[in-house]
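Would you mind keeping the following structure in view while I ask a few things?
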Amino acid sequence: MNKNRLEAFSDGVLAIIITIMVLEIKVPHGHQWADLEKLIPVFLSYILSFIYIGIYWNNHHHMMHTVKHVSGGILWANLHLLFWLSLIPFVTGWMGENHFEKQPTALYGIVLLMAAIAYFILQKQIIKVQGKDAILAKALGTDIKGKISPALYVIGIAFSWYLPWVSGVFYIIVALMWLIPDARIERILAASEH
Amino acid sequence: MNKNRLEAFSDGVLAIIITIMVLEIKVPHGHQWADLEKLIPVFLSYILSFIYIGIYWNNHHHMMHTVKHVSGGILWANLHLLFWLSLIPFVTGWMGENHFEKQPTALYGIVLLMAAIAYFILQKQIIKVQGKDAILAKALGTDIKGKISPALYVIGIAFSWYLPWVSGVFYIIVALMWLIPDARIERILAASEH
Amino acid sequence: MNKNRLEAFSDGVLAIIITIMVLEIKVPHGHQWADLEKLIPVFLSYILSFIYIGIYWNNHHHMMHTVKHVSGGILWANLHLLFWLSLIPFVTGWMGENHFEKQPTALYGIVLLMAAIAYFILQKQIIKVQGKDAILAKALGTDIKGKISPALYVIGIAFSWYLPWVSGVFYIIVALMWLIPDARIERILAASEH
Amino acid sequence: MNKNRLEAFSDGVLAIIITIMVLEIKVPHGHQWADLEKLIPVFLSYILSFIYIGIYWNNHHHMMHTVKHVSGGILWANLHLLFWLSLIPFVTGWMGENHFEKQPTALYGIVLLMAAIAYFILQKQIIKVQGKDAILAKALGTDIKGKISPALYVIGIAFSWYLPWVSGVFYIIVALMWLIPDARIERILAASEH
């Protein structure tokens, strides 16, 4: 299995996910500004999900940069990650249309959590192929962001039963934390080239 | 006709099929967990179809790895395969929304069967170009999985008139059988490089 | 402007067109075979359009094979072609849902005609860049198929007012005529390599 | 971060945007020409948006041609641009279905304006990486078209409260102004190769 193929397919799926989400913002029948008002929560959740898919695309490629051989384990771990990300348009629509009610907000967090776990499994599969001393293992280091994120999602999900807006704040915090591109891998990669 | 072009186009179509299937999981209007309950069959059929497309994508590329020249026959056999796979979002939606009723479950199996036959035809076209001693012919060997699958689909389709859940079990068995990536071709390819 | 870029973008658009057409086959609410019956015309028009997009994809790449430099004229002629092809899912749905009534059948033919004209313009732009003695001009020769097709479309459109099923037959004839991949260009290309 | 990856992902997103817009042209239930009449405004706005996405795709690649290293700033500026462009199918549908009423026409202009600003930010990020004397800075020169466009959008948006059809004229003028491919960068690039 060729690495370029895996990247191209993942790129394709992510590009489609990020774009079809906009289909959840249904064109309203009226033409007044008021007709747009009820779309504001859908729009806000669209922005959040757009950023998340952007982050996953970005980090996915930093990570894939370190991969030379694609094993069966990497291939299916990658499809597993894409599976959870493919549910994001659905949970984005459900959360937005229900104005951040508790159940949809919890489910949104659950899908983010599952995607984070899937990403973690993919990392493990890559490191397994590369060995413990490999580039990715070094680049990740203690992988603080990777460990904190699931914890923050869990807290966010827990809050959704009482104060769903707090959940939203947690999801935003994780996004902001990752918006800073993963300089770790780039640094190590650059170093390994010298 | 360039092989990379054929792969890129097939990748694109498969990436879109796997992603637009999620549009069949319609966002419910209510925000209770109960509103999600009725989506469970749709979700289960989504998972099954996601795995099937993943398997086809995976095996398609193992097979294409052995191709050097793309004949007109290969090109149209490939489009024929993509045609049947393109119907998977439709049959997935129909089976899921009707909670695995007999007719939709039968049709799901029929489309899987037709895709398997289309895949078989594509294999034959490739072997025809390569000749009997070619890599793909060797790699396939007796092609036990390729021969058992259609038989299992047919049994599954037959069961749908009496016990549709048994059909589902058969479709899952075939998926599990293929989830193990096609090591045969990889082994022979690796050997042929020495 | 890079030729690969133009091909990749065209491939992407064609892959999406061929796949989203399936969204026009709406999942029926009932689960009886009878519920599928009313979808038969939609399904038949889907098959026809799938073959047409396949033909365009196929011939587009044979033609692009001869291109070295992408001029502004080629770029916009290509987008113009993609524009008409992008309307195929719409006219396919309209014709299928209305069981080949005269107006939708006429419009289907009109869009096919416009796509054929757009393809012709694209050819002219490429030949303009390459010069009269260039590969594409030689490969096309008298371009009989390219000249007959618009005429057949026009006859098909004319028939739609009286006997729409005859229009359908004409559209099928043109498709069959093109299903045979364009051996002309391949032959000349192969010859020019010696 | 690899430049090809960024281009492939952007190509994918733009190809999807340009194609899913056609889903906003809903297939009418009737089969008379009169049933199509009410779709004319949707169709006209589809044409305009198709041209705009074509222009962005075209100029995006002329610009990316000058890029060697993709910084984090370029990456996120690019995603920011894709975000605004991803809203075009929505505003196209809203403007078309409401027959160019003032609010939808204003919003269409606002999204075009935001996309133009996002494009400007992306340019700045690229020039920042390349330095003031770099190819892109030279190629843009005084960047008259880039400076006039936002002004024309603002005038168009302002008119939408009084005469929405004048807004449409302004949006069309900007499109026509850009339809002429950006010869500036090509010229400088060609010159820099000597």
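To keep things simple, chains are lettered A, B, C and D as they appear, and every chain counts its residues starting from 1.
By our rule, a contact is a pair of C-beta atoms (placed from the backbone, for glycine too) under 8 Å apart; a residue touches a chain by one contact, two chains touch by 3 or more.
Keep in mind that what you see is a predicted model, and the values were worked out from it rather than measured.
**Q** For chain A versus chain B, which are copies of one sequence, does the interface use mostly the same residue numbers on each side, meaning over half shared, or is it different?
**A** different
**Q** Between chain C and chain D, what is the gap in Å from one C-alpha centre to the other?
**A** Centres of chain C and chain D (C-alpha means) sit 27 Å apart.
**Q** Let me have the rounded angstrom distance from the C-alpha centre of chain B over to the C-alpha centre of chain D, please.
**A** Taking the average C-alpha coordinate of chain B and of chain D, the gap between them is 38 Å.
**Q** Which parts of chain C, given as residue numbers and ranges, touch two or more other chains?
**A** 8, 12, 16, 20, 23
**Q** Taking touching chains as linked, do they make an open path (line), a single closed cycle (ring), a hub with spokes (star), an all-linked set (complete), or other?
**A** ring
**Q** According to the definition of touch, which chains form touching pairs?
**A** A-B, A-D, B-C, C-D
**Q** In the complex, go through chain A and note every residue touching chain B.
**A** 1-2, 5, 8-9, 12-13, 16-17, 20, 23-24, 72, 75-76, 79, 82-83, 86-87, 89-90, 93-94, 97-98, 101-104, 107
**Q** Touching residues of chain B toward chain A in the complex: what are they?
**A** 7-8, 11-12, 14-16, 18-20, 22-23, 25, 27-33, 36, 47, 50, 54, 57-58, 61-62, 65, 179-181, 183, 186
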